[in-house]
């Protein structure tokens, strides 16, 4: 399975940001590291600086894309966002992490504001499994905790998820639908909330389990190259 | 609009239970009191002791039924639970409160376990609006708090709600889908979690607003008497 | 209630197209005519030639927009399509007719290909009510027929509709989800398939009933002006 | 994978019914025959006469149950229907065929009337794939035809399906949501409409493909034994 990780990779280059210490090689490298240990997963990465490497051919060879972006969503070229969007509709899986809720491809796939409330105050987050049967929850206990995370809160401006797999609880008093799934065309989309750049979230074993599960769940079982077209077939049946 | 309130009415008769002090005339009386102040709502009530008053005729004259039960779900006769169920499918609205998640009519309408985790530990509950556009959330701020409630937690064994209008946060660390809606046949169903018998929840202005909203939202716009049958119509169209 | 009808209005100006005879003043005029007879509805119209009349102010004064387009979707300016999209998320209702399945605002709201199969072969269409309880089906019998329509067929590349109110049957052998509803942000969206320019579909009493119902169903009950933003509120609760 | 097929097995024993010629050993035998050719599937069968063989132990050893019933739904003991229902909620998959739409386990899982319209008039049915990405549609072309089937028509009294995989078209003019999926508790449920006893439907290669797909799709990935209970855990987190 070919996984492509896109990471904006700017916070980690800022020496004034904790991300530079926690993820010196970038969050994409941290995520790639645990995914590459899986025998069935092959990983490549791309950052905002190298985003032109995301071509149609590259995407067609990708089973699942993972997307992390935050302050530079607007710098992602429209044509690249559009290609990612179309390839999901063609069947590629997509996992959007944390602040990617406002990324171009996620917003295009949702068709909604994807807005939320947020606060940076070192809250502990407890993430509950609300759909224990879901493949993305496999191997996770009934809840797990992250000692520090950016707080995200409702209302989350998304279409009603087909499955709400996780719901987050924050010490500051907020709740959030932290893990949600949708079918979009032939592709599967998962949103997973943890992963603020100033916390070592992607080193957490439970977070890693969820991301591995999400990748496998989102992997395509059916894929086309032309979902945007409208065929004009002849009448199939002539009445006698 | 005719509203029928069913309340088990046993806790309130037990002098050892706080409910006897908080709701000396029963929770049904407290709910009836604020509903009756609405010009468009006419209320009648029934308890476990008088449950035989729930007849087919009574239900056909009811727009919305409100249901509260807890320790005596099994004492509700199957034929009465079945009539309530069928009349919802015919178009009557239904609002299930708190521990009615395990009542016969609610379980029949959901088709699932309706299980949850729970704890009595005087937690504060903060209830967030996750669907601010929903008519049941009208007049409620982005959240409201109840200083004491029984804790309910995920996973809640329900079919994916069509709308998750409220999500509850508890000081003990739990989250819960506290307000959920479903269409069932021609009828609308709302589940609302607050209302443990040992807290004055039904005197809370926000809770009252939500229940009034839910009643109006669930009121039928279309109603039949025979939804359980399978018609056998002639072929409507003959090909020439 | 203020209804704004957008119609591309090109087929009707083409003397070689049947539309010029059937709808000499445009389909928007035909739709406006029956809507204006309703006491609670006030109508204005706009066409591709006058599309710059669609301003933010105009949309904020609009309760429900009706959209018909076909061969000139690409000529709708992106900023206008974007404003329509945002105002739906803010709470404005939207009814998309027939070939508007590939219009910019509808595709943006769905987040999918919105593709389908099609054929122009004068098929009769029979439209079945699959959700008789839905307000958009009120006043329609269990099915109605249109003696001629363009054939649309599955698969229809949409997110699973929240309600599938109508399913179409065509003499050529196709089926189509002809009436579908979605919540998008604070706004309600309805798609209704009939209305090819070469048939007098918008003079059909059942079609008129459905469009009137859809307009009333989609009318906003809650509306904001800033749904795209992400508030950053202070911590609401400090633990003692 | 262990598949258990329940078939009422009464029509086939009636010498006046075509079923006795088409399925001399019962529809369960015809279905078992093509399933047993799959290396990963092991089949056992049970009929109304031997229904007491359906025990809790038998169900716990079953991955997916297939259910066909028609005129003797009421003869299925309530406790057996209840066990099937609970084991689906615990995680067992279930595939309901044709007239099983009114069987006790299916109705209990849906929570609705499951009513439809019907007619026996030797209509041809054309079944369209409306969700080509769905695993149950794998290997099926964009539609397939059955030269004769009982006509089923909308409205079908089910909760909105999570996926509508197939939609049927009948020569007599009806449409029907012929293949629908739902999650119920930890179990997956698929309904598939073809299979009237007087047609050789279960010998059709496309129908066999769909049933094989449905069995594999419904196979459990997570299973418990106690989904009906409500745990009462201690407070997980004490605030310092």
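To keep things simple, chains are lettered A, B, C and D as they appear, and every chain counts its residues starting from 1.
Everything below uses one rule, namely that contacts are C-beta pairs under 8 Å (C-beta built on N, C-alpha and C of every residue); 3 or more make two chains touch, one makes a residue touch a chain.
If you're wondering where the values come from, they're calculated on a predicted model, not measured in any experiment.
Asks: What rotation angle, rounded to the nearest 5 degrees, superposes the C-alpha atoms of chain C onto those of its identical copy chain D?
Replies: So the copies are related by a turn of 180 degrees.
Asks: When the contacting C-beta pairs are counted for A-B and for A-D, which pair yields the higher total?
Replies: So, comparing the two chain pairs, more contacts are at A-B.
Asks: For chain A versus chain D, what separation do you get between their C-alpha means, in angstrom?
Replies: Roughly 34 Å, centre to centre.
Asks: Residues of chain A that touch two or more other chains: which are they?
Replies: Within chain A, residues 126, 132, 153, 160, 162-163, 173, 183, 185, 236-237, 239 contact more than one other chain.
Asks: Which residues of chain A touch chain B in the complex?
Replies: 126, 128-132, 142, 153-156, 160-164, 167-169, 173-175, 177, 239
Asks: Quick check on the complex: what are the chain D residues that touch chain B?
Replies: Against chain B, the touching part of chain D is residues 89, 102, 108-113, 115-119, 121, 153, 157, 159-160, 162, 171-173, 182-185, 227-237, 239.
Asks: Where on chain D does chain A make contact in their complex?
Replies: Within the complex, chain D touches chain A at residues 91, 126, 132-133, 135, 138, 143, 145, 162-163, 171, 183, 185-187, 221-222, 236-237.
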